[in-house]
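Input: structures, listed below.
Look for chain A in each of the two complexes below; its partner is chain B in the first and chain C in the second.
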Partner chain A sequence: MDRYLSIFLTFARACLVRDMTFRANFVLECLTSMGWMSMNLAFYLLVFQFTPEIGKGTGWTREPFFAFVATGLIINSIVQALFMPSAEELTEMVRTGGLDGVLVQPLDAQFLLSMHRVDFSSFANGIVGVGLLGWALSRMDHAPPAAAWLLYPLLILCGVAILYSLVIMLAAATILLGRNQSLYDFWFYLTNFSRYPAEIYAGPWGGPLRALCTFVIPILLVVNVPARVIALPLEGQAWGLVWLVVTAAIVSLVVSRIVFQTALAKYRSASS
Partner chain B sequence: MNAVIAVEGLAKEYRVFDKPEGLAASVKSLFHRPSRVVEALKGVSLTVGRGEFIALLGPNGAGKTTFLKLLSGIITPTRGTARVLGHVPWERADDFRRRFALVMGQKNQLWWDLPAAESFRLHREIYRIEPGRFERTRDELVELLGVKKLVLQPVRDLSLGERMKLELVAALLHEPEVLFLDEPTIGLDVVAQHALHRFLAHIQAERKMTIVLTTHYMKDVAALCHRAIVITDGAILYDGSLDQIVDRFTTHKIVTLDLDDTPDADDFARLGFPCEIRGPQVTLRIERQRIADVLPEILRGRQVRDVSVEDVPLEEIVAELFRSGAAGAARLPEEARA
Partner chain C sequence: MSRAVAIRPFPGLRAWWTMLVICLEERLAYRGDFVLGTAMRFLPIVTQVFLWTAVFAATTRSDIAGYSRTDIVAYYLLTMVTRAFSSMPGLAGGIARSVRDGSIKKYLVQPVDYVSFLLAARIAHKLVYYAVAFVPFAVVFFLCRGYFPPMPDTATIGAFTVSLVLSFLLGFFMEATLGMLGFWFLEVSSIIFAYMLVQYLLSGHMFPLDMLAGVPTGVAGVSVADVVRWLPFEYTAYFPAAVWLGKIRGAELVRSLAIEAAWVAVMAVACRVAWWRGTRRYSAFGG
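Let's turn to the complex of A and B:
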């Protein structure tokens, strides 16, 4: 484990050196993603001018909702920084045969392929997310209990694990298909479901969609469970969700590992 | 022989899809795509001993690179068995992957935007090379290849030849026992090719490394390898020493005369051998067994400045082998190998 951590830190260091080589590009990337995030926040502020709560009786009033948004920012920034750059590069590696060089190295290929690029500019959103969370929690009527503070980092990790599994399975599709340029788009469409409280998925269409995105592709648990634990009262239903997200994270990691290994075994390599 | 590589009946088949021309055919192919099976490798068997430096020769699409990819565990075979350093390559055991290296002339494995020194550092971590040993090996390799000034320069700013030298340094840092080289001199100028030849010959002799080289350049082969394996259409056509290729597949030698003046073409045509005249230089193609008899006759009465008798160039022989395909198929006995 120490070796993998050490290799990851070496990757991260190399990426930082590279980012610093192209400083203007780095600053531009930070500004672009923060600009996009600011527009989203402004939109939510607009929405709360017209309604005090997202869904009647759900508890998602302005401050808890901003804690929800902050949690989403933190989780997404971790995934975008640590895993997405590598996954996006995988498409090109499969197409050009660059994956060959990875497979001959004495290291777990999934680790190498999913963590060899770190995009430090994506951490900018996460830092803003932490600030936003602090602001939202400080303005709420009740302070989160100690149990919520202890659970929150664990649940963030579970959310990251579910999204990581999704990224890895999409990357595995790249290996099987030889080309999957819509990987990032598809990931974006799927994760869109995780951006809003689960309560909005109600009614004849919303109910089945909520079940699908909770039990089949557990995307709805990613942000909802940690955000609920930190922003809303920790009651009976919340504990059930905690167990559900932990289970979903473990199952997702196992399934994605099997899918990725199967895809690697079927790798054809590009012509030289 | 202490076999480092042992391969038996290794075959690799691919299913490829045919894409018909035109819009209608493209729409149709959405529902049904005609496909066929391509046999990239057809049951290849061979053994390679420790410390051998062998060349894999063959035209484009012959199966050379597929063979290297199978031996390095990148792809899995359709049939057959292989053991490299006692391991089944496609099981991709870390113990195996720590003991060999693969360098591909057409693929860059160093970090593009960073100096090679950063890739070397990463390599040290991945292969768990002890720091003292790492520094010793790196300095020795960098010195041998004369690239000390280049290791701190971003890889994207290097020439192809410089980059290939640094690729080799990276590949050899963990002191592999087996080295697979896939067209390492492709695109390099003569000076860079020569530098790589000298380096590979030196490192192989010093470390007793087993090296398998695929190349299209006969100069690579002549300078480095004692044994050549010719693959065409996924099957081994020839496996033996380079000398044996010349002996077995050529019946002629090339006799070149440098004369004082441009000779009369008819004068040489009368000798009855295929000949080519370029100014005062005459090139004759003469059957090997007749050289001793006819050479005095050719030289008699002519003002000759210089004369040379050479084998047919290796390029020509191998090209003829590629063309002749199975017609020239001959597997030499084990004792004929170098």
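Let's turn to the complex of A and C:
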């Protein structure tokens, strides 16, 4: 484990050195990334011009909803910074045969393929997310209890673990398809479901979709559970969701590992 | 010699046809990836439908900026059709990359016009996309038929069709011009990303632009919507959808179509000028 941590830190250091070599580009990337986020925040502010709440009686009024958005920003920035750059490179590695070089390394292939690149500029959104969370919580009627503060970082980690598992399974799809330029799009579209409170998925179509995105692909648990714990009263149902997200994180990690190893076993080199 | 001329009366047309066939084959080479990418584009609309349903459930309003709940769902579905025409994934980045890695030089020595080649490639891309996407589009629109107002009249359908074709051309020339900035800047990915942000917000892809009517600019009597109306972005998502829904009619419709056509002309000229000036300053070394 120490060996892997040391190698990861070496990767991270190399990426930081590279980012700092092109400082202007780094700043520009941070700004564009924050631009995307600001645009979304502006959209949500516009939505709250027309409604006091997202879903009748759900409790997701303006400040709790912005705490929800902030939680999403924090989780996504961690995943975007640590895992997505490597996963995106994998699409070309499979097609060109570059994956062969990774498979002969005396290290775990999943570790090397999913964590060899760190995009530090993606942390910018996370930092803004922390600020937004502070702003939203300070304006709410009730302060989160101590238990919520203790659980929040753990639930953030569970959310990251679920998204990481999804990245790994998409990477496995890349290996099986031979090329997956849509990887990033797929990621964006799928995580789109986690951007809003689960309560909006109601009715004859929404109910089954909510169940699907909770129990089969647990994407709805990623942001909803930590955001609910910190922004809404910590009541009976919330505790059940806490257990559910912890279980989902563990199961997702195990399943994604099995899927990835199976895909690797089916990999046929593209190089000569 | 005369025989060859008799067999190939339209050499320009044959070149276009060949370019189209090559691009069709290229698009179909990785079918799994293409089908996956096409199917996924329907997912964001699902969240938007549920979001706006939840918004309307929590408010006493019957409409927002003139859009009822069903109007908004129909609007988002129609913007998907519009974006299927106007979005040009990878175009600007591809041009900039070929300038940077030097592969663009083959178009300088071949008897092929680069902008025409790109246009043919994009038409091929769209044809394959429509062929693949027709079934999911038809299924989604059939399932959501209850959200749409009654079928508009023939004139409106005609205006909608013209606006879609113009939106394709506008999207193409805007992105191609953007990609040609690669002649002046080596790395344009950040500029492209910034463009995408502005485009996404101001095209009406995110929400109907009528909702900006109440957002002040600081100038008395001028809202953000008034400013956005004069920019080219709304013609790549909002405008055709609003035409189908009957939000833009009569003289306003004619005026808007004229503005859209004018923007196509402006961006086509800008693209040509960028190509001419860019290739003049372009230099490549080695093999």
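Here is the rule we use: the second predicted complex is superposed on the first by the 272 of 272 C-alpha atoms of A that agree within 3 Å, B and C clash if a C-alpha of one lies under 4 Å from a C-alpha of the other, contacts with A are read in each partner's own complex, and residues count from 1 in each chain.
Operating definition for what follows: contacts are C-beta pairs under 8 Å (C-beta built on N, C-alpha and C of every residue); 3 or more make two chains touch, one makes a residue touch a chain.
On a predicted model such as this, the values are computed, not experimentally measured, just so you know.
Set against each other, chain B and chain C differ in how many residues of chain A they touch, and the higher count belongs to C.
Legend: residue contacts after superposition of the two complexes on their common chain; A:209 is shown touching chain C, with no touch to chain B. Of the two partner chains placed by superposition, only chain C is touched by A:50; chain B is not. By the touch criterion stated above, A:35 is placed in contact with chain C alone, chain B being left untouched.
With both structures placed on the common chain, the touch criterion links A:63 to neither chain B nor chain C. In the superposed model, A:190 lies in contact with chain C only, and not with chain B.
When the two complexes are overlaid on their common chain A, residue A:107 makes contact with chain B while staying clear of chain C.
Within the superposed three-chain model, A:89 lies out of touch with both chain B and chain C [touch as defined at top]. Interface of chain B with chain A (complex): residues 14, 65, 69, 72-76, 92, 94-95, 97-98, 100-102, 104, 106-107, 109, 111, 113-114, 118, 121-122, 125-128, 154, 182-183. Residues 30, 32-33, 36-37, 40-41, 43-44, 46-47, 50-51, 53-59, 61, 64, 187, 190, 193-194, 197, 200-201, 206-207, 211-212, 214-215 of chain C are the ones touching chain A in the complex.
Contacts from chain A toward chain B in the complex involve residues 3, 6-7, 10-11, 14, 17-18, 21-22, 96-98, 100-101, 103-107, 109, 265, 267-269, 271-272.
In the complex of the two chains, the chain A residues touching chain C come out as 25, 28-29, 32, 35-36, 39, 42-43, 46-47, 49-58, 177-182, 185-186, 189-190, 192-193, 195-196, 199-203, 206, 209.
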